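Shown next, in structure tokens, is the structure this report addresses.
Each chain carries a letter (A, B, C and D) given by its place in the written order, and its residues are counted from 1.
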């Protein structure tokens, strides 16, 4: 039995041969505030029937197993999928996972590992999907964006993505752009406006629509539309109880706990 | 004097020769919420007179010495015991300890080290014992379970263990199943319902009875029965004072502090 | 693609040849309480038109990209600049950055790396710029100082810098002096009195004036003067509302939040 | 310039030759709750005019410089001193320092390094000095103790040191006993009763008197007696204001802050 975890990161490829992809776009979404990026990427991977390229394990993921809805457990991991996009000139590569690294150092190393794989697959462009937290409930969330270079800023502008001019982007959404940049990969990040209080499938829907416009791909949106409507209903019911569109944190958190039942904690 | 701790984990075997065990089942319980798994495994090791196989030291355990009831101190460690189960077809291997790792990375490495030892001893099946926290006091705690595979789910079902279909299991109870699985070891986890507020020997008793049924072993339960009754009395006295079966966290925590005197803190 | 981050710290020099500097003084300021050191060093680098010597990346910086005011993102880093100070006998070396290390260990290693570069450039003297937090608002902040040796104490005394005789200095301002000292580099730290509640350009102005006196350099102060006046106005408006020059933490923090609008949080 | 900190721990010996010591006793005291062990060991080192054996630097100490009362700064470190105890059969080795490790792993490695040095110097016995926190003010603090073995327990008993039979000892006071034990070094820990609210020179005095009795050494106690009286006066003045010998944490902490003025915080 060889050690799997001495090296901090272990990518297990589904096949010994890399697929031949045409200058793919790497699209990334992770669990984070409001699950905005995660719900969006899960939907598009599902609709496009992404093929698994690799499981990525790491000692930097929380030391936990995830319980699947079958009752089966698995170590936390990230997963790379690819999709042959015959209608367009770029194939697609998707990166998502159960968690982001807990170790700051290994977050850099994981970013570097992903960029290495991306470069081997001839990726030239990265798009990360995240959340822009405002503390306010909105029905039509705005989409904000940043880029690694001026071409990216122009691209964002041409799709009416709003500009941000200060602050920072933490986690894999940021680190992949930054490490990509020092390795000559261009990237943009699309950030969906969200309150920060609830799982926000509505923000996910808006961000995914923007992504699909940019990459020129159409998919069925029904499942995500349905979840987005549930988010809007949840928000409305919270607002009715609170009676204020810009409530205090404590008020909202109390309401959210009543509306979103917690699961049992296991140790 | 050689360095003991440069390698993060150091297993000190009691004998140079491994015992010959017949495809043993590895059973694990650690200090954690309510000490549910810990009290259960300590009782069964004691009743079956487990023989020590190895002490496992690690820089990932809290940098402390444990004070034994003799007043003697020892470095924190994990311990492996074995029991020749002549009545059944599987010998038994028990893993417990003073603490779980504080480092996320070394938790993966310790899991891997344990699985390596388990495979060398021809273990094919792992059972971990933990807690399922509900925030409610109950007299007849339910037993929940998860598995690494469908055989495990069927096994749990045939013993009326309740299914869980979301969430995650953190700590050694989870990591051993997950790392076992990628090394082709099957595993299940038995999780005893507990409030999360008190040391819960009653949940330990229920979980141990389920474990004994599954592995087909009988032991004297008197000591644990007695402790379980004390837990029930403690819970009842808290409930009488609080006057509510589903109290707020603050109410219960205040009561619990009055009933379970703290020990002196040493630094 | 070579690994950039396996080594924790990666200095990327702007040129293969080191500039020939005449026994330069290394001057350091980092983001910290009140941004006292950071605003001061940014102003002097800008006015003296510092030339970039190196970008320093590290896994010990927060795993984030910084959003520049153009909307372009970059990995967090430290930067070394130099200035040929033809009017004086010492050239100048400036160290600043987006962040200080989050890992205690790598903070030592980064300090050591900086000192190594400094020694290669024939640095003999270090000056670090920081904040001395008092919890009180003042219009004419005092300047405190410490030194690695008696010559430094005399220097501070001759410029009327106040002495500190207990406590500790954490972060790069401290570690650079300490590691410099065990490598035979002399150093002093100048610490500007600040409340700890607001970004304090006024303290920055006072500390920078003291630095310029010590190193015998004159620069235009207009930009920093303007910011200092804004700080004083902010403080006055907070004091008027609070009505007390030594208010409770909660009072001030509430006021400060109203006066300094927060930016959106991104993840 | 060689790297000093790549190895986590760096001992700098004052002389290339180890002193010839007669089976010395290693006595350890560190900054911790109430500074009980630290004040005691500083007093005895001072009175016996301990000779410095080594400075020990480590990346596991907080990344800070300590400001000495001269205004001079130094990197945080631990220090070993020795004393030739011609009146007795054992020479003395003292270990103290500015801080204990912040990294759990390096705390094990530092413990191991100290034990290695101790064994090279023919140490057979370790005594660590710490605090036993009770949350109550007392004028005649009790001394508790633990040992690595039965000989140690008998020794403690013969000096009327009270026994502890559960809990744990964290930090260097514990780890040195634990790592000593697996390297065949006997050890005891003496723990002085203290409230946990104030710097307690009175507990230090009681613990030092017990230590001196055990090792058969007499020293002038005047300086520590004076500080002990100041502690008693501080405690009495707090008690008068609070009016209760077993007050709530908040009451005492408020009082203590008024009585023990804080120093300026530097960053």
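The criterion applied here is as follows: a contact is a pair of C-beta atoms (placed from the backbone, for glycine too) under 8 Å apart; a residue touches a chain by one contact, two chains touch by 3 or more.
Since the structure is predicted, the reported quantities are computational estimates derived from the model, not experimental observations.
Annotation, subunit A versus subunit B: rotation angle of 90 degrees from the Cα superposition, expressed as a multiple of 5. Both copies, subunit C and subunit D, contribute mostly unmatched positions to the interface they share, with under half of the numbers common to the two.
Taking the mean of the C-alpha atoms as each chain's centre, subunit A and subunit C sit 36 Å apart. One finds 50 Å separating the Cα centroids of subunit B and subunit C.
Chains touching one another, given as pairs, are A-B, A-C, B-D, C-D.
If you check the complex, the residues on subunit A that touch subunit B are 1, 3-6, 8, 57, 59-60, 62-76, 102-103, 106, 263-267. Against subunit A, in their complex, subunit B makes its touches with residues 32-33, 101, 104-105, 107-109, 111-112, 115-116, 119, 130-134, 144-150, 153, 156, 163-171, 173-175, 177-179, 181-183, 189, 191, 196.
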